[in-house]
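Just so it is clear, A, B, C, D and E label the chains in written order, and each chain counts residues from 1 on its own.
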Amino acid sequence: MTKLGFYPGCSLEGTAREYNESVMSLATLFDIQLEQVPDWNCCGATAAHNLNKILSLSLPARILAQAEKAGMKEIIVPCAACYSRLSVTQHELFENSELKKQVEEVMDMTLSSPIRILNVVQFIQEFILPHLSEKIVKPFDKEVACYYGCLLVRPHDILQFDRLEDPQTIDRIMEQLGAKPIDWPFKTECCGAGLSVSRTDLVAKLSGKIVKEATERGAKAIITACPMCHANLDMRRSAINSYLAKKYDVPVLYITQAIGMACGLNNKQTGIYRHLVKVNN
Amino acid sequence: MNNELDIHIGVNPARCYQCGKCSAGCPLADDMDFTSNVVMRMLQSEDESLDKELLQSQAIWLCASCEMCISRCPMEIDIPKIMDYLRQQSIAKGLQNKSANKNIISFHHSFLDMIRFTGRSYEIGMIADYKLRSRKLLQDLTLAPKMFLKGKLPLFPEMVKDRKNIKRIFKHIDT
Amino acid sequence: MENDFEPKIVAFVCNWCTYAGADLTGTSRIKYSPNVKIIRFPCTGRIDFMLLLKAFSNGADGVIVSGCHPNDCHYTSGNFHARRRWVVFRTLLDFMGIDINRITFTWVSAAEGAKWAEVVNTTASKIKELGPYEAYRKITNEIWES
Amino acid sequence: MGAINEIAARLLETGEAKVVIGYGEGSFGSVRPAFARNQEEAEKLIYDKRCTQNLAMYVYKKEISPLRKLAIVANVSTLRGIIRLASENQIKNGDIITLYINELGEVIECKALSEIEICLAEITPEIKPEDKELIDKLDAMTPQERWNFWISEMESCIKCYACRQACPLCYCTQCAVEVNQPQWIPVAANTSGNLEWHITRAMHLSGRCVECGQCGEACPVNIPIHLLPIKLAEEIKNIYGTVSGMKIQESNTLSTFKPDDKENFIG
Amino acid sequence: MARIGVFICHCGENISATVDCAKVSELAAGLPGVVYSTDYKYMCSDPGQSKIKEAIREHNLTGVVVSACSPRMHEPTFRKACAEAGLNPYLCEMANIREHCSWVHEKGDATTQKAFDLTRTLVEKVKNNHPLESIKVPVNKTAIVIGGGVAGIQASLDIANGGHQVILVEKQPSIGGHMSQLSETFPTLDCSQCILTPRMVEVAQHPNITLYTCSEIESMDGFIGNFNVKIRKKAKSVNEKLCTGCGLCTTKCPTKNIPSEFEQGLANRTAIYVPFPQAVPNKPVIDRANCRYFLTGKCKVCQKLCPTGAIDFEQEDEIIDVKAGAIVLATGFEIKNTDFFPEYGYGKYKDVINGLQFERLASASGPTQGAIRRPSDGKTPEKVVFIACAGSRDPAKGIPYCSKICCMYTAKHAMLYKHKVHEGTPYVFYMDIRAAGKNYDEFTRRAIEEDGAKYIRGRVSNIYEKDGKLIVRGADTLLGGKPVEIDADMVVLATAAVSCDGSESLAQKLHVSYDPYKFFAEAHPKLKPVETNTAGIYLAGACQAPKDIPESVAAASGAAAKVICLFSNDELTREPIVAKVNRMPPPIFSTCMGCEMCISICPYQAIDKENITNRNGEVIKTIAKINPGLCQGCGTCVAFCKSKSIDLEGYSNKQVYEEVLALLNN
């Protein structure tokens, strides 16, 4: 059994519960044990770096320090926002020793060496993909729009994940499931992210563009790997539809849910019943 | 502020040659009072009144940190970092944009306060707090019950055990 | 305490790349520390390892050796020979406890005016931090004392 | 009478060699180099475990060199010394008959230099355990400690140049230390002059040293001076994969290069 | 006793602004051996030089140190002045107190002190200089021109018309270069081929020009006046002597779907082909990578058809050894291609093309006979977006420089498009319009004012395809960064001009320096724009930096003039900076022990063995000997020689040793 460090992040305990459920179900199916970072805290997300730089570094740094203390060599971070914050923090601190000292002082913990931070797609590529074909029972035989969002690929210098324009990794994974990824231009357009609650009007506009484009290009599902994107595209659908004055019902799936469905996991295991936009099996 | 940026965050606005590729790709450019290349120009001007206008702008709060601008900027100017800095300065100087203060900034505060007390974010509490701050009591009134039914809004917050440590982190920030 | 210390640094550079690169630093008016003084050689291949020792025994606190990037040598291969010689010399100095941090060996091309300034400034601040090379000077001064 | 004496006697008798350079009994149970020019002297030659000295240095000594052809009794380091000298054109093929005594005590008579190469092909040279130990010890020290170690050693050097005298590869008629325009190395036996002399010597031997340790043996004040060229030889082996004195055609490591030589030291 | 004169130059204020020149002069006067010291506003001026000459005569100087600019700039000037005053020029040295001192440090004592330190160092050096005589070498009066674009053609014709032999080496099957691909040229809109083709033919017919096509430089050694070059002439599989250029083979070749390089992939060609109708030489070659016979072993249709039996499948690459006195590099440029613009969908969308492709579309001899049709479906585009600075001035993409030609050709493209599609709308996204040239700005204004090209100041963020249109997302920075979206039918990227593939390795073969972008470096940006750092090798055209046609031609003629200048002498004088093996009286003869390790270290094979024999002819000693004709004076052997038996004139052991001492001991 493979044992890996795991940082769920706050969303996966709340609005993105189904994401967590599908990740855990997949891990079980592929014989992987995901061990949570002990006593983890929130990464601070957009709010922290909007308001205070040291805070925006200290919160993720504490998570890294906790993981290091637990002897973790890598952590799986399914939430794209957390993945981005953790990666950027680790990069900044190990590039700038003075800053690192300052942050260590603030959190009263130390960081000795960088650890591997894997997003969910990297996790799938490394640990699921090699054994995927043998587990597929029901190919995901649909046109899909793979939606990467901002935080998986940017800032590219630091994350070094896939390519900046027209990324392909999720598309390739979906192909393995039997899906037909569509070519579309909004793979990395912003959904409105943290403005979800405070400026729902803007989110409806930005996410609306994405939902509309995907639908018009024939996608039967949007595949994502970010709880924020999911929330904006799924939970905000009624706002989107009223902004666009048209009913769009293309479902939004986490990539882990899509894999789960193809591998025959039930709705409870994938958590798709929790979506506000209905998913037809 | 032009010089400050170089010192504090190592970004030099003088590098901007106003090609506008940032604004062209910015998802929120249409809604901003100043597009990103104009923000850069205002910084280059080293004009205090423009600095102030900038700190009072809505644009800096509308920026969603999607990083599209820097990823396509030919001069690799870290505009998101500049935006972070401007937001922090805006608060430090009490110049927050009035309309953004009502929603976006309030939300950030609610979010951080939640972490300050629990170590993690917790949507119900946070949203309740935000509603009080923003006085948007009716917002999402229809969404919440749906989410609750889908099990997406737990009633009680998960908490970090070592809350002292979290407090310590915030304390350093506050002082 | 050491802040007032102005190190003496000798730069042994080749005529075609680094000397020209340092000329470009000048032409571009990029400022750097005046502690470094250049001696011109046709090629890094010409630089005798003994000169580095002579520099230290005559009071240098640091030394820069710089030439053309690999494959760019005006004489095709002088820098390749210099590179091997330096690898061996460095091993020997280190084995004898001579402070190899005081020697910067690098490549600066004729187009890298900014890099030259950077090399000089980095070396100067490093040597400033290391302080005067008393250890080497002490054994040299013996000659006069004894 | 051992095989070595028989062969020496034959070579002298047939005139194939005018002199056989070998080992003889010294005083107090030591061995010393011996030069057999006749049957009688040939009988006195010995070879045993004590015969570790590298005799290759005698090949070009003023007194011996005119007596070519020579024969020489050789251990491994002598073989390597001869090969290295041949690489540097100081010995020509046919100048010298080498009597190599292998591990089993057999005498292998090599008339051509290529035959020596064949003997050496069987051998993986290793440095003495005590030398290795001391090198490791020094490597483990801090630079400051190493400096202190060598400076205290250098202080005792009297610049007698016995190290140079003993080295099979120090054949220059004018050594760099004797050059006075410019005066590269201070003449006086002071610490800095001594240090610079030994650095120069080690550098001039780099890529050439056959690791016989003769310089250290010869030092009257027991400075482990042989560690310097040996350390470099070991590093050169690690970095460039070359070992001096194994093949004639092998050029000096420092007079050759590869464009992709490592350069992780450059900053 | 040394009698040294020291001359401190103010260089106007370039030096004196930060260095107290009078003080340096005063301090220098106190140096042992210095008998005369002075400072002057412009040492390199005539009066300045006269000062030096007078001082030499008056004070009977045995050495001169001029503390001024870089010796790379004015060493020849001052050495010449010394020679004119009767002092051996190699007794003159320069201390670089401008580039290495006054320009890089702030005004102050430390800077003045450094200027003095540098001066003192050179004083000590010059005390150990001795008179040298320059070396004479013969000049081979053949020039090699590498690259047969417009610059190479011009240089070849100029040199050949000057009465010298020229060997023109071209990588492609035909000369002509990029200019032969262009439709019309700015700012006159005259047809590119109409003006180039006569020149190409002239090259082919010129008695002094030997043309090797499909050829590249294999290796080079030697030096100015005496280069030895190996040219690899790649197998064309067609015997040029037998081929009459009838073209029958090309019409019957069964492999017809190879994207034509000349047409930039907008049309196809056959495996045996002539790149374009006006090609010189106008004889086909077989592209072995695509030829059916070479791929499958069967076919030979062309061989069966050829009336003269010119097809030769067995032909091999040929290595041609040539000797030459000068080389002109004219390898030109390429434009940045594939995968470089993922955000613009270049390579993904057929209708996003580059400028060179547009030239072919607009060319009367092109795949559409000059009608503007988009590649995907052949429709006439109603809206065309031209994007200037596609890659240029873009450090993030590794190209910070301006490609120089794009502003002009983009204006030209917009104009040509409008002339051909009257109802169409050309949009041009630009950052700046750089139109500095004779009639250039007038030209761009015409595109805007008369032809109605819609210029939008801003860069495009991305392009995507929707419903057969290309959605171009840009911003208008003159309207406060307002987003602009255009649904275009075709997009033309003015992609950056970059150096050619292989220019780095060519530069290394020729020992020519190059800049970080692999463009060849000139010896001096202003005063030696067509020379390289390697004497005898010159630059022409865009291999040095992006250049337009008139500039390339001007540079080519400049390089040709340099070559003709060089060839006007039968002999060259070379700097006597060469290595020497010492000689001593018998019985030592030399301290060289003949270890011969210097032979393997020498990059020029300039070291050989020398036998010293006695009266009976017996070899007493073998030592190294350096051929001063081959030695280039790198000094690698000098630093390597254990017994210090080799020394380098001009940078002798004694000189550099004294320099180190003088630099440090004040």
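Note that a residue touches a chain if its C-beta (ideal position, glycine included) is under 8 Å from a C-beta of that chain, and two chains touch if they have at least 3 such contacts.
Every value quoted in this text rests on a predicted model; they were computed, and no experiment measured them.
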Going by the contact rule set out at the top, which chains touch both subunit A and subunit B?
E
Of all chains present, which has the mean Cα position farthest from that of subunit D?
B
Return the chain pair with more inter-chain C-beta contacts, choosing between A-E and C-D.
C-D
Separation of mean Cα positions, subunit D and subunit A [Å, integer]
68
Roughly how far is subunit B from subunit E, centre to centre by C-alpha average, rounded to an integer in Å?
51
Indicate the whole-number Å distance between the mean C-alpha point of subunit B and the mean C-alpha point of subunit C.
49
Two or more other chains are touched by the subunit A residues 164
Multi-chain contacts in subunit D: which residues touch at least two other chains?
184, 254-255
In subunit E, which residues are in touch with two or more of the other chains?
343, 462, 601, 640, 653, 657
Got a list of which chains touch which?
A-B, A-E, B-E, C-D, C-E, D-E
Given the complex, residues on subunit A that touch subunit E span 163-166, 184-185
Of all residues in subunit A, those that touch subunit B in their complex:
10-11, 13-17, 39-42, 44-56, 58-59, 62, 105-109, 150, 153-156, 164, 188-190, 192-195, 197-200, 202, 205-206, 235, 238, 273-276
Listed in rising order, the residues of subunit C that touch subunit D in the complex are 49-50, 53-54, 57, 70-71, 77, 80-81, 83-100, 104-107, 135-136, 139-140, 142-143, 146
Residue numbers on subunit B that touch subunit A, as the complex places them:
27-28, 31, 61-62, 64-68, 70-71, 80, 84-85, 87-88, 91, 103-104, 106-109, 111-112, 114-115, 119-123, 127, 130, 134, 139-140, 142-143, 146-147, 150-154, 158, 160-162, 165-166, 168-170, 172-173
Within their complex, state which residues of subunit E touch subunit B.
343, 389, 393-397, 431, 457-462, 473-477, 480-484
